């Protein structure tokens, strides 16, 4: 008996049924024998935090659709994720489209109370501002450990701008806020995939003065997983959160996003980096900035579904 | 307290949540006080019956997505559908993608047993072959009345071809089969929207010799709802089924379908025709042939969602 | 010498050059002999007011691009708009993407001070909330006449919802706000193209109790321009504003919009209705809700550009 | 034995095979018993004549693909086109992409020599400039009758501009050239579907001073086929050519074209107008300006294929 | 005089003419001096074998269109394919859309009898199930050599599932069937590009227990062509068939396919692998799973056309 | 005070305003204190030179739109381009769509006279034939130095075909013409990214016999920037022009182009190659062959905008 029960493939092909993430059961439908849950996956259909192209509010729906063909056995880790973990789709978090800060607070509070105490949380955005909500929830569920969570951050951008047009909680600012709140420990934070152009040199300053380890995208192109692997030492043995902005991928691999930047990673490079996190204690994560209206063939949403699967497989492989 | 409970709009905007048809509750979630159900809506993700372009197996998913913005109050009938009727989304019927005839039988059996005895059934295809399954289920639930159900059939094509490439249950044949089975009474069948070109003159023969009333699309363009209204007399006072092939609409209004035919109806014309059915005793229905991969802006799936709403509103308006 | 100077067609084909609305000169480039200006056209790239699908912030750019092929002579009114009127593109109004109410105020203040005192204003949205800004500016420039401006309102929706998710200035509310402010005289307001489904019957109440004349879309389908023509009496001899939500068109004609509703108008019907306004004293206008990401062939933006041209031609024809 | 032999449907479904127009045989493959041919259909993959958006050189290929589902029996005329007429696909005419005038001459010479002396010619563009080539070929094959051919011209634009950027043979000029050459008799020419905006009032002058009958698109919207029917008297009993610019259709029905203009015809209106030509002696025709890159769902190419079928059916119905 | 005669480029640009694969002549048009043929290329427009997204039945048509720009001289092998080989387009094989097994048998029989005895066969799918048909035909034409053909298999998936929904001949099963029939020698089979996720660990078992050499996609990313080159020893000196599922490419390079999987190959990697086959005795091949409806820019069909060219060039280079 | 003044970000977000390249000021708007200009960027909306798919005339408009999100600080060169250089958008060059040679001459003359004597020129195409115009202008502004400019040429194709269909100035021929005119010194020309298939072996001859250094795309895949770096010696200390055909990128990265060729570069590879030019004396450049109608997500236009930025940054980094 697997821990996560999927639809009967004899009558329900992968193109059939009300779509949940990877066909995992809805939270309400999980059988008692599969509680406590290991992971809750949920959507945060919110994009009021963007500075350029909106539409990521439709991200959770697109990722649910695209994830129908994601299977359960992870070839490279040689692990059956559904055998090892009990996972559910908790639906979408409550959002207030006109209230940026309020939505972050509301989602955080809702996520903090989800499912069982030990259940880990994976959020599907929405824009990157929603990472703040899930980070806060994960941190709170762990008892607000000092000096904060370790963070592996995949992104083309640093997202540590203090304020844009008077807003401190937009998608350019989640990590400056979470560092301020003590949710993230900047000394245990790695940002990978960063590339230009930037607004100015000062953009790099906040992160680097706080001790964040920045791995430019060019370093991954030149050296593969080695720079990231080398940067993981301070994260070992601590609760880790993985945040994945889909725009860390090149627009060829992820055209459906709001602020695409050429020169990015391939999906293979990104999966290799994720697999290099094996051994870390992953307690939460997210994938954000999927914008379906720019995603003609659905490849961006599909990549995001695979990112979710890779993060879950990291935990499955470690049990 | 409405009979159909929709998500709380304060926390769940129309772009949020696991998508069900028109945000109606899943069948399992309907509260006892809202049973017995008036209508079950379900998908039939099956397109092995097509003769040209496949892909309608993804129709139910697309219609669920598009239907999120369909509201509950019908302006022209002045009725709140959710106040008047208890409706649920029963998910997708079981299908066997490699077995055309078997799928029809399997869907029919599954639908025949759905929900409460008096619940009426609305199917979202899938290709037009699935209409046979729902028709049979509706007829069976009504006690297999002789001489069969009355049928209002919206389509560019007659769908009364006996056999194509050795297959008698494909999407060109549902009505010849259902007439043969006694499920439909051809004397109480009206086909509206029919237009050319055809394979040959004989295509019209089966229908006309059995007494089916054919209203060519050109007649609707010339005379509006009058020809249909005039043809409804034999249907009054009898259980009626409404089958709506989305290709009755012009490709401008429904580009996302497998065998589009120019010269078709506008959505306004189609809705007017549907509204002219007010007063009939609608016991079941379907909307079929939505092919999302050809539906760049989602307008075909949206039209299909409105067709579903129009059919439900006919019943709501009559109660 | 025409009053509006277009690029030299001998060296600059319609696909060449930095795109301004209909190739009209930038405001800064208008020669003294063409001042005072008759009309300023400007963009309002703002969509924080939406309740469903965002993206109309890219509307002004798309309409500028699509308008390059809009020529200058209006066949049906038999008038050369550029000979008769001096028109300029004033660029885009200042917006604050995270501040819904603030943006309305800011745009209104900016527009109120544009160009010459007698210059009339045409805004290209952006979502429908920006109509409030331009309405206020037009009203102010006319000396805040009581009991407010007359309004011809093309839309699938009434846009008189008091509040959504705590926001009173979103795209569902511009006209309730402007009536409250005295900017619009509801007794001289006509809403044409309205259709269902609605949230509830009460949606109609605010408008109808205030004396707004509602012309359902079905009436236009049945009776053409007659219902609108009949409703114009209270508007004659008064300053009139025309607001055009592109979703009054059917999704076949305007797929690129955020809340499409089937059963709508054709472009021919819409242009006929606009042409029926000839003789009114048009002092301002807008076209809103163009969402380029859903507009595969650019036909929605093209329709919007023609709407702008039709409104300008109404004034040209009256001089 | 039909006069036009189509592929065996038992082994070659409509989605199979090397695509020819409507699955008609290649000219080289026509059996002797089906000679002489009644019609040759051929492509002219040329778009160097455009003034705005190019790409119609891919029109013939797209129309061949879209035409695979066009069947053989015309419902409204009650005639089997393939039983009545022997038709072939002659492939594409030779073109010189860098030589506008040279291509017209070359295509005309090639078409003049096609198939059998009595074979009629239907060209699929390409931009509208290629109509000049086919008109000249048809006229020549008929012995250059004076005072020229009668012409029914479907278009949003008059295409009688003398010269653009120094070029007299572009897609804005075919009919001024053919009138000058004596190929068309302007007194037997009808232009239907014309609409604005125009460059200036003079655009109408050439046509009207020569006696061309202009039926504005608005007249078709208001009065249907009557204005065209009334204008056909001078064409009866004379050889007639039908030229159909796909942009006479509204962009909702034909998004894939280079100079789309809203306010146009529906496909039903266009087909009704074409059917009103029954009884004329149709000796040649064309459909032009299909631009596949703007035709997301292929509906423009499909409409063009139906236009071709309607023209052939006019001849079939008259035999 | 080249062995393969292409259209005269002086009058027929690459965008002109009835489209055949790479503009090669139709089989019926090959001149006697170019017989015997070296290769027949043909389409198999069949997709009833799919388990997820259908539509590959339109693959042959799309590949013909995309291949028009594929030239004749192979830069890396320094060989003119058309000088060295006589190639023809044999059209599409006969298919029975409702009969999965029957179609395989029918295509195999048709292909076995094509052209001249020594002609080699290249099939363009259609889904991967059609590889079984062409494999069987090639094997039969070679006199059914034991222990079967050598096979180089490019794919994201192993396609050795025994049965899906009761069907043993679907696109997940061609190689298990062909091994059972003795057509393929598993000891001389290499599967390259395989990647996860899988349904379960057992998926790998059939192949590995039979001696199939599996080269995971990750190995190609890490080591390039070396693993494949090292695995070719058992194939040398034997008749080899190359089967290429387009989904071995990453969705960035091949979005138009039915079961895309991120983390795949680039086109450059794939071509490098194909070029590493130089020296093998290639007797047949295919490229499958091109799904045009998901291929917005046609890049998938273009990649498939290049794959076909690369396989033909391998043979040309060896003569 | 930066040398290039961008719009005030407080009121004009990146999605607002009349679009100029990278939001640089229009040439007419540059303040005296920012003269003399370092660079003029301008469009050449011309595509009459193509041999296959047209539409690049819309390239400048698409690149202006896509460039709005390109920021000013170059991360890898650590330089603020707008602080270091004064840049303006000079609009589009005059073109004659029906006159291929005339357009080249006209654009060259116009560009030769632009802005200040020392201003360098960057052109955005349009097809590759327009490179000849800008090359000639740059050469003339530098006093026609012998033996011509050094050239770094990024392309999938050599573009040294003497003549196509009688035209010597098309997009296959710019470099043969410029070498003939003495504008380019072939001994200081490097072509990088070249790949097959070709028409014949002779295609390579002209370039190689003149001493052009050809770096096949395969060499970049195998060895990175080294081959290019090694080839730059003859270019150092001389005025260099950079021409970038967007089809040097793989279709995955640049689907929107007229003659795409798989097996191409990633954007990261291309940017690395461009960055390796640091230290050269870049006096002019272009990016060409962006075809927006095939660019569903705008990623091709975005890549082109980044190419422009990379070239400008090379100059900024050297000052």
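Letters A, B, C, D, E and F mark the chains as written, and numbering starts fresh at 1 in each.
Following the convention adopted for this analysis, a contact is a pair of C-beta atoms (placed from the backbone, for glycine too) under 8 Å apart; a residue touches a chain by one contact, two chains touch by 3 or more.
Everything numeric here is computed off the predicted structure, so don't read it as measured data.
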Touching both chain A and chain C (chains): B, F
Degree value of the rotation bringing chain A onto chain E, based on Cα positions, nearest 5: 120
Gap in Å, rounded to a whole number, between the CA centres of chain E and chain D: 40
For chain A paired with chain F, centre-to-centre distance based on mean C-alpha positions, whole Å: 38
Per-residue multi-chain contacts in chain F, two or more chains: 13, 15, 51, 53, 57-58, 96-97, 165, 250, 252-253, 266, 294, 296
Those chain pairs that satisfy the touch definition: A-B, A-C, A-E, A-F, B-C, B-D, B-E, C-D, C-F, D-E, D-F, E-F
Chain B residues within the chain C interface of the complex: 10, 13-15, 69-76, 78, 80-81, 250, 252-253, 266-268, 271-272, 296-299, 302-303, 306, 309
Touching residues on chain B, where the partner in the complex is chain D: 51-53, 165, 194-201, 203, 216-218, 221, 250-253, 255-256, 259-260, 262-264, 266, 294-296
List of chain F residues in touch with chain C within their complex: 11-13, 15-20, 26, 28-29, 43, 45, 57-58, 60-61, 64-65, 89, 91-92, 94-97, 106
Residues of chain B that touch chain E when the two form their complex: 47-48, 50-51, 53-55, 57-58, 96-100, 164-167, 170, 293-294
